[in-house]
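Here subunit A shows up in two complexes: once beside subunit B, once beside subunit C.
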Partner chain A sequence: MDIVITGLVLGGTYALIAMGLNLQYGVARIMNLANGEILVAGAFAAFWFWTAAQLSPLLTIFLVAPVAYVVNWLIYVIILRPLVRRAKSRGQLEVDAILTTFGLGFVAVGLMLAVMGGDYFSYSYLSVPVMLFGEPYGLNRIVAFLAAVVICGALYLWLNRSRAGLAIRAIATAPASARLVGIDVPRLSARAFALGGAVTAVGGALISTFLTLDASTGVIFTLKALVIVIMGGVGDVRGTIVAALLLGLLETFVAVLIDPGLTLAAAYLLFVLILLFRPQGLFGRRTT
Partner chain B sequence: MKRRTLMHLAAAAVAIAAAAAPALAQDALRIGAVGPKTGPLAGGGAVTFWPNVQLWAADVNARGGINVGGTMRPVEIVEYDDQTNPGETIKAVQRLATEDQVDFILAPYSTGLNLAAAPIFDRFGYPMVTHTATTDKVAELSAQFPNMFFSLGGAQGIATGVVEVLTGLRDRGDIGNRVAMVNVADAFGIELAGAARPQLEAAGFEIVYETSYPLGTQDLSPIMKGAVAATPDAFVAWSYPPDTFALTEQAVIENLAVGAFFTAVGTSFPGYAGRFAAQAEGVLGVGGVHADGAAFQEYAARHEAVTGAKPDFWASAMTYSTFQVLEQAIEGAGTTDRAAVAQYIKDNAFETVIGTLDYDENNNNPAFWTVGQWQGGVFKGVASTGREGAVDVVVKPAWQ
Partner chain C sequence: MTATEWRDLGLALVVLVVAAGLPFFGTPYYLTLGVTIAMYAVLATSWALFSGPTHYISLATAAFFGLGTYVTAVGIDHLPYWLLLPIAGVIGAVVAGLVGLATLRLSGVYFVIFTLGLAEFIRQVITWAQNLMGTRGLYVLTDLGEREIYWQLLGLAALVFLGGWLIGRSRLGFALRIIGDDEEVARHSGIDTARAKVMLFMVPGAVASITGAIIAPRYVYIEPALAFAPILSFTVVIMALLGGTGRLWGPLVGVIPFTFLTEWVARWFPNQSTLVMGLAFLVIVFLLPKGFVGLIDGARARARGAFA
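So, the complex of A and B:
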């Protein structure tokens, strides 16, 4: 029971990390390697508001989300849209986007270093135990998990129940055909990218309550997000959630029952197995 | 009219350049500084290394510079970010030596980057007074690189310090025999755990829980649960700053009841007390300083005034002290000749903010702090290999 809860909570954290990238890669077709930097920026905002004004990270996210949305929308419209226009094929766009966002990541790290210095930003928020089934858990982790449930649930419902969601799924499935049925692909792609950025930044704000970050830790989260998105299947919210939970459970199982030193090895073994036997990801569609 | 304005402008520009030049270009000592501003060690570098570079340059220039054979020469720092990448450290040192042609180079930050840069320092003949390199291979390294100096101690010394502190607590009847020990699975953690294990066993301790975890592990609660289940009397973690913070937080949440709680790098950071406040009381960590000493307090006040940040209670003062060693050696040798300065460091003892630094025949500083403890909001040295000012260790109170 203990392992399951710890694993699910960790999985929720992973879902927060990966959900934004899934929207950006799956819908807007931008493999955003600066994703982790957005996450760190969100974490920094939470840290700053907490230390400067004692503003709870749970309130900060309502500030972080719209700001991150606008910033990411601008990034997409100004920097990435020309790439989309220019690209002759999906492959070319992917290469261009990877190179561009790789560079953007460096710019973001530099900006954050200039603004907040290279020091760790670590603070204590809700780091009190809560008892679940007789075992203590950090309240901040539980809160982040609940937020992940809310965010993922809302995204899932929105994508599957609303008209805009339907259009976004159409773009994720077949961008060329989506245009033919009257979907404004460029506009919705920009929105999906911006939304992905907002989700990532909110995730960062929540994660900062229990992880210690600094300006250059973004790349760790980009990598984790990448693994989860590819495992789950590109462009599928369910896939990301399942893959994130699976990874969280697996790492906790290995840490508790075998050896904490093997968690990374186990995670990447799972990744390799999925790539070998289901290269399109758990919920991904086989590409022709 | 137009031409005249231009002439005036040009004249003004020349005048400004002429006024500015002597202070900078002609007689300034150019000092290179390489270290991580980005990458995994950026956080540690931002606390321990870079502020001291800034502080030292400010202090020296406030005095009018370094006295080189009768001329006061201000220092001018040339900085490079090595991205925590040993290859970049080497490239930056090479660039400092050949392109920037600096007079001296400050040793980089952290054990790994120092070891990587040692051959290139050696090739260009720069004295390398390391401040944050902890290694047990001092004799071999100084034989290979005769101008490399070691200040912060080695794994054996630090492990011995921890075992001594635990033994002291046990002999006082404050803790029992059961020790849980964890380490981060990288060079630092593996070396320290390897050094501590036989020493703990030789001292009669029983290691009831031992494990390692990968660098960057995002959930350390399984480890803390494992440690709690083993009901230890003491907890020892050879950890890096992010996991130091995470392990402490988990220990509070899981209510790990131990009489001695030790975490390694990061425990001595001012941010640790900032985050855990009263919970930090009694926590042991690697390092320490003579926190009640006038020299440290005066240094800490200047550090905060000049850089806006507090120094940590371990390697910060050591980092600044090695810069003082370099400064005093240049003044003592009366020249910028690198071989002469290196020889001066070998032959003399230096008064620094950490106390006297006197390198032995292996270029090693034998007297260093090994263990400190948060007591009343200050991280005080409780064990060292011959430093003055250690305070008595106290038993860890329960988490609040």
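So, the complex of A and C:
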């Protein structure tokens, strides 16, 4: 039972990160392989504000989100949009985006190493036990999970109920047709990319309350987020959430029952199975 | 064979003979640098054989390389060394074939993630297996020195270039060029695109694995974090793209300057190597989309235009 709850709680925070990546890939069509570095930057901000000013990570996220939004918007407009313009085909853009975002990720790791060194950083926030169904859990995990639920829920409602959300879903489904009905695709793509970055950075700030990170751990989270997005289906919010919870459960099971060193291996195995049997995602329908 | 092909072959032989003489007239430092350059020349050239025409970015180099080092580490006490290299090659080719079968029909993004995860996956599994057996790593004790490793790598480089040249002339090479131009067209003209890609992907898989098996004695003590270091995969990608994948000798043009650059950075700015790799990626995408080869070809075309 405690494995299930720990797994679901972990999966809830994963869902937030994967949502960020899904917005970037599903709408802006950029597979952002620097996603994990954005997460680590958000985590670092939370750590820094906590150690320097005892500012609660739950408040820091209101600062992290707009900053990450602006930074990601600038990255999209200055660096990525020229690539979108010059690309002759989807494949060309894909290769360019992969190389560029890897480059950005490395640059980010290099800068963060320069600023904070190679040490692990962690801090103790709300690390008191709470009892759920007779088992103790870290309060920080539960709080992070609840915050993730609130943000995911808000995003889900916004995407499904608002006019802007409808436009964004239209771009995700059919970018060429979205232009025909008067949607400003380039502008909204930039905003979706920025929003995705902001969501990921907030996820990072929340994760830093209970996980120990260092400057170069980003790539592991990128891999996990990618596995979740592909498993849940590109552009599918509901699928992303289910996939994230599944991954959280799987990782916790493997960590508790076999070996904590094998969590990424388990995620990878899951990814392989998805690729082999359901490459269109859990709830996706086969195109063509 | 045409006259230019004979000329190129002659040039290649001269370069090979000069390179093989390095241990006799260079200092130990140059020999160490030579081993690094030869290793990356082998890895980057074989990488470009597959990724050049298909535009698939493979980050599996570290996975195959690590497998190769473990073949040597595990087998050195039981089998003669010379048998280990072909074994490593076969294992690398088989794993590459399996990876190819699973992913090469899907889009490029899936392939990148799959190959990036592969090294990490194998590393975690081997670490776990070693923990169960109560070890952290393996000793590789041989009497092979830097010089012997260097010559083996040169020999492998010669084989890779020969293989690449033969593939370029074969039906497979022709099919791959069509796939690279337009996969749809290739499929409609009756080319089994998935089969061609899987077969070609086995080449860098086997070569990287053999390279790992050759390098293993240099490390003396092998542990997963060292053998499967992901930075190797990225370095190979940067070098190959920096040189340019349009020509067989293209990656070599990227390997040599980038090796000197990383040596220089490691010496003067040891903490900034990640930053430099990131900038290299951005330079490739925005300034050198066709690599140094593209610059050279462009300059040649301009020179010809000026004389005509």
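Note that in this section the second predicted complex is superposed on the first by the 268 of 288 C-alpha atoms of A that agree within 3 Å, B and C clash if a C-alpha of one lies under 4 Å from a C-alpha of the other, contacts with A are read in each partner's own complex, and residues count from 1 in each chain.
One rule holds in what follows: contacts are C-beta pairs under 8 Å (C-beta built on N, C-alpha and C of every residue); 3 or more make two chains touch, one makes a residue touch a chain.
A quick note: this is a predicted structure, and the numbers were derived from the prediction, not measured.
**Q** Looking at A:109 after the superposition, I want to know if it touches subunit B, subunit C, both of them or none. Which is it: first, second, both, neither?
**A** both
**Q** For A:153, using the defined touch cut-off, is the partner it touches subunit B, subunit C, both, or neither? Pick first, second, both or neither.
**A** neither
**Q** Applying the touch criterion given at the start, work out whether A:83 contacts subunit B, subunit C, both or neither, answering first, second, both or neither.
**A** A:83 contacts subunit C only, not subunit B.
**Q** Give one of first, second, both or neither to describe whether A:94 is in contact with subunit B, with subunit C, with both, or with none.
**A** Second partner only.
**Q** Could you look at A:137 and tell me whether it touches subunit B, subunit C, both or neither (first, second, both, neither)?
**A** Only subunit B; A:137 stays clear of subunit C.
**Q** After the superposition on A, what does A:264 contact: first (subunit B), second (subunit C), both or neither?
**A** both
**Q** Could you look at A:66 and tell me whether it touches subunit B, subunit C, both or neither (first, second, both, neither)?
**A** Neither subunit B nor subunit C is touched by A:66.
**Q** Counting only touches as set out at the top, which of subunit B and subunit C does A:279 meet: first, second, both, neither?
**A** Second partner only, subunit C.
**Q** Could you list which residues of subunit A make contact with subunit B in one structure and with subunit C in the other?
**A** In the superposed arrangement, which is not itself an observed complex, subunit A uses residues 109-110, 113, 216, 220, 259, 261, 264 for both subunit B and subunit C.
**Q** Flag every residue of subunit C that touches subunit A in the complex, lowest number first.
**A** On the subunit C side, the touching residues are 55, 57, 102-103, 106-110, 112-114, 116-118, 120-121, 124-125, 127-128, 131, 230, 234, 237, 241, 271-282, 284-286.
**Q** Residues of subunit A touching subunit C in their complex?
**A** Residues in contact with subunit C: 31, 33, 79, 82-83, 91, 94-96, 98-100, 102-111, 113-114, 216, 219-220, 223, 226-227, 230, 258-259, 261-262, 264-265, 268-269, 271-272, 275-276, 279.
**Q** Within their complex, state which residues of subunit A touch subunit B.
**A** Against subunit B, the touching part of subunit A is residues 2-3, 6, 9-10, 13, 109-110, 113, 117-120, 122-124, 127-129, 135-138, 141, 210-217, 220, 224, 248, 251-252, 255-256, 259-261, 263-264.
**Q** Which positions of subunit B touch subunit A when the two form their complex?
**A** It comes out as residues 36-40, 42-43, 45-47, 50, 182, 185, 211-214, 216-219, 221-223, 225-226, 241-242, 245-246, 249-250, 252-255, 266, 269, 271, 274-277, 309.
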